[in-house]
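What follows is a pair of complexes built around subunit A, which joins subunit B in one and subunit C in the other.
Up next, the complex of A and B:
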């Protein structure tokens, strides 16, 4: 290795060490200042120890989120200073048009005013209407992302609950099954998305396996990746393969934590399997399910790698995270990208709040009862 | 253990009772389902390895070949020759070095800072502690893309685009709230008496942390180390955004570079799967070696969360 190679590592390493020292110095100063101001030792120590996070929080969260909000009201392409445009970005995104269709055969572009493109077409008998938007990619991508979340989150939870219940049946070699089922989740998602693209490709494994069925049914092998109606399936399969095992291991730990006495008590009351599942397992497992629901909903709305490796047909849109990334770093529309990112942030907050709101109705915390 | 005794008992009884037959059928169904699950996990994975050992002609055969004949391990070398044909500096060692450099620095920063912050959150009372901790957990919900644009602009202003800085030293600011959360749970489970004895002996916070707490939290530190290694090794979004010179790429972005430049028109799946396997291999080895810590680390968060 010559210095040319090290030349890219060493400066970063030097700055890494410098930042480390810098943080230590700041912590020391913060501690001394607090003590000088008469703060008790315990409180001063605690605040000092969380300093690294607090500084990071202020820089990487508070400052960047604030800047992002500001940028969402500007037009900015990196070359000229950000130009304040008020709500223009948002009103462009929310500029939707609904146009009636005179006949089911009429093209959407003929029905919609110029510069508006089709987002969703609804045909009712011999007519119907079409929804168009100026930022049609955003709405198509929002539709795809939500559809993906609505499909993968419940399917993933049901599948992983099934596997967890299975593994909880006093099976032999439990450790082996756990390790095996968890494996897809630790594989690099880059590797697995490429693998699934290969499996779903026109002459890939899937069509190879199903070739006899296609022949029997007399249909051509579908092109999963380019057919707008089928492409979502590829992503759903990729996602489920990646998470069902991982989530089931988490749920299994929850199942193992259910006190055996509860089942014994249910047995004495003459409860059958279903009643035990319904009245003991589900309520006791609800905190784990809740954790699963929250994390998988947030993750489902932020698909990135998969969209980077599979070109999705335009008419379907793409995943929001990838769309925003493209808008910002390929088209250099920093303002518009920030506006979209903010809509996404609010969407995630709203959905999470909804899940949390609903939790009081179905999540059962054992400790909460004891506390009363 | 209970299964073993149950089976022994079963074999002692000659005539299976109806309820026992039901029990046996149930067992068979359970294991059949478990095997089905194993097939779902393993077949795609084996297909990746199988493809990585095929020649280009073998890729699109009509008959499905799980075991390639002949097998060509040379794909693992040739894929790098292919990459070097576009950029002579993109050697295997360079790309591996990049990946390790980013991964290890970020991992070390995460473990160091998260354990210190978690110690502060779990052991010391101060006003605003719970509020700050809740704030920290809430940041999990913020999609990375919101902070990406301003973040990019800041690194650009600092002149640190196309360096490893954005991917490494910000980890020193405890950027992974999940790790802090896991460590805090662990700290809370350690009895306070242990420290109190040390305080009586006149030890200060740094001494207590280094000599008493670190040895006690070693298992969870190892678990977090494994989780952090995996997350940083697999990281794609950060390097994709901040690095632009191909020879600075880590594996994940190099794989995309290969996909986009060499494989766009006619995908060279044997090479791509070879690269994907190479990327997965270290993670798999660590996973199998440290599976106990790994699964524990995940479960601490899930059950107590």
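Up next, the complex of A and C:
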């Protein structure tokens, strides 16, 4: 019997059904075993119902994370069995050289040993030094990613706080404004990236708008996306688009949760608006700001879509997440890509831990104060 | 109730499994990067094959987005289609043991059919060869040719390029055609355009240079021949006397500028639609020759169909490969087969190319493919980021020869990886 296209998909469907039935059978057995061992019905039912998710978590999260850790110690090109190389991948990444510059004009390649390329050049008077690496693209990308995070996280938080404060005002059509400001968060990220790319392209909206100014000033239109000195600014502007979404909503919810009595008490004490903002709003909002700081930092270090759709000049590097993808799927260097991914994970963990450690100094928890 | 539900599920599973298992003939799947229109055209060919063959039926499973990562993952996982399209760069996986060697199954192929490996241009077939075996059948080899706008030549009273023309002729013509046609003090018509395309290898090969040695052990980009070719290539890019700046190209579009009539000469693939712009009289000729060697070698983009090494039906897959390759070679231009290097075959495949068919067929005889090897993507990335890109974008103070000597070390490291 020739089923045409169905002939390809029916076996797949059969496998799906088989997996479904298999999981159902396992759940049934697990439930029976628990009951046989004397577990109460409610507990046995709960554990059984969570089992499909747990199986998925173990297979698709725990197993893959563990595999990635293992692969980071191997040389693996997808098609051949992974070959254990110990710490070679990490050694190659951290293989850095610092070389003095005899003069400010000396070329880095003349100062550095062969196979090392410039990551950073520091000029001091008529000399200085140059930092080179075997995996210079990793360090350039790390530098770009950290710079991006350092610029976008504070800017984003300040901007989203501003938007939340505006949306917390008693103005007409408040619901409309709130919907309007949340719109960017629900637009597909790829579509907005492509839009921004067009805005900043050589013949895009921005240069088109400023064309008369450029002509009058006798300057060439900036190449926003290809000039190494400008491209980071462009990405920072992109990032601000996101602040009107989820971050502002969280801060707005935080603002709504501040008891009015505190402002009334401040009024009685004669506090002006700035004093109320500094001594009431900010401390009461600090848990929300803390949450935004943590999530924004993690998100800034994991930029992917923008880098995938906008070419960045090689001399600047690229975003770390995109570099990892390139290393894995363009060059089929899964071992090195996994090592980079783990370094990125440790970096994110360290920065997050730092933020958590600092929280005791500036985050105000009502419950914690009361307990003291 | 529980029993009934259980029996119902089992019945569905059995029905589906039996109906799937009972199908005859076998299904041979092919994955391609084809989008909606291209997939529809391919489906017509597949339907014709399916109507004629008895042992199998071909089913198209297009992957229009994120194609190669998906294909690599499928091959690594031992799943996926029986046949795949791979372009020249993707053919680098031929050395990884995931594709089916074809030499044996193609051994009995009739002469001058898609299965006859001796009927392919050797340089194009080489992309598919590894250690004496063939891993793919090419279905397209698109040589770069030069399109020229006759109206611009006529208006400037410049003779059209003729067979045997050289780099010197090309530069002279291009500079003469670069003009301020409306006398507003700004150039608005250029002789040529180069924004990184065409590939520099055309001029390098013509000068006798090589980017990678034949045995894949060296990357002699600092040879005088390579440097000569690359320097000429650079002289055609963003040269105010010949070609538009990157800002102008960015603003007006690369190919669009030729179609808009502001570029006199454009190097493009033989299948490009540059010679069928409404109201524009466009000629095609081979790329200009190196003035010393007289060589007119040109670059050819090429793609092939391969068989998944894990296919459950190798015999049927091999036969399907030959059938579908034969069909595609009558659809796409230019066919990579020597016996099909005729004006008649080209026009039959693409009637709109008739006026320039002769020039395209002539160029096919001089085409050459990239030297693809397992780590080519790394070599290519290094070549671009450390050599080609910095020189093209004026990001280095070094001469071509100086930078070539420096980058050669890094390129050769990718050969030894």
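Side notes on the structure shown:
Following the convention adopted for this analysis, the second predicted complex is superposed on the first by the 331 of 372 C-alpha atoms of A that agree within 3 Å, B and C clash if a C-alpha of one lies under 4 Å from a C-alpha of the other, contacts with A are read in each partner's own complex, and residues count from 1 in each chain.
Definition applied: a residue touches a chain if its C-beta (ideal position, glycine included) is under 8 Å from a C-beta of that chain, and two chains touch if they have at least 3 such contacts.
Bear in mind the structure is a predicted one, so any value in this text is a computation, not a measurement.
Within the superposed three-chain model, A:329 lies in touch with subunit B and with subunit C [touch as defined at top]. Of the two partner chains placed by the overlay, only subunit C lies in contact with A:223; subunit B stays clear of it. In the superposition on chain A, A:170 makes contact with subunit B only, while subunit C stays out of contact range. In the overlay built on the shared chain, the residue A:189 is in contact with subunit B alone; subunit C does not reach it. When the two structures are aligned on the shared chain, A:314 is found in touch with subunit C, with no touch to subunit B.
For subunit A, the partner that touches more of its residues is B, with subunit B and subunit C as the two candidates. Once chain A of one complex is fitted onto chain A of the other, the partner contacts of A:98 are absent, as it touches neither subunit B nor subunit C. In the superposition on chain A, A:122 makes contact with neither subunit B nor subunit C. Within the superposed three-chain model, A:346 lies out of touch with both subunit B and subunit C [touch as defined at top].
When both complexes are overlaid on chain A, the residue A:150 reaches neither subunit B nor subunit C. On subunit A, the surface patch touched by subunit B in one complex and by subunit C in the other comprises residues 5, 8, 11, 13, 78, 201, 203, 329.
Within the complex formed with subunit A, the residues of subunit B that make contact are 2-3, 6, 30-31, 33-34, 37-38, 40-42, 44-45, 47-48, 51, 60, 62, 64, 94, 97, 101, 105, 109, 113, 116-117, 119-121, 123-127, 129, 132, 135-136, 139-154, 156, 163-165, 168-170, 172-175, 180, 205, 230, 233-234, 236-237, 240-241, 248, 252, 255-256, 259, 267, 269, 272-273, 276-277, 279-280, 283-284, 287-288, 291, 294-295, 298-299, 302-303, 305. Listed in rising order, the residues of subunit C touching subunit A in the complex are 9-10, 12-13, 16-17, 19-20, 22-25, 27, 29, 57, 59, 61, 68-69, 72-73, 75-76, 93, 96-98, 246-247, 250-252, 375, 377-378, 381, 384-386, 389, 393, 395, 406, 409-410, 413.
Residue ranges of subunit A in contact with subunit B, taken from their complex: 5, 8-9, 11-13, 15-16, 19-20, 23, 42-50, 52-57, 59-61, 63-65, 67-68, 71, 78, 163, 166-167, 169-172, 177-184, 186-192, 194-196, 198-199, 201, 203, 205, 208-209, 241, 245-246, 249-250, 253-254, 257, 287-288, 291-292, 298, 301-302, 304-305, 308-309, 321, 324-325, 328-329, 334, 337-338, 341-342, 344-345, 348-349, 352. Within the complex formed with subunit C, the subunit A residues making contact are 1-5, 7-8, 10-11, 13-14, 17-18, 21, 24, 77-80, 109, 114-115, 117, 201-203, 220-221, 223, 226, 314-315, 329-332.
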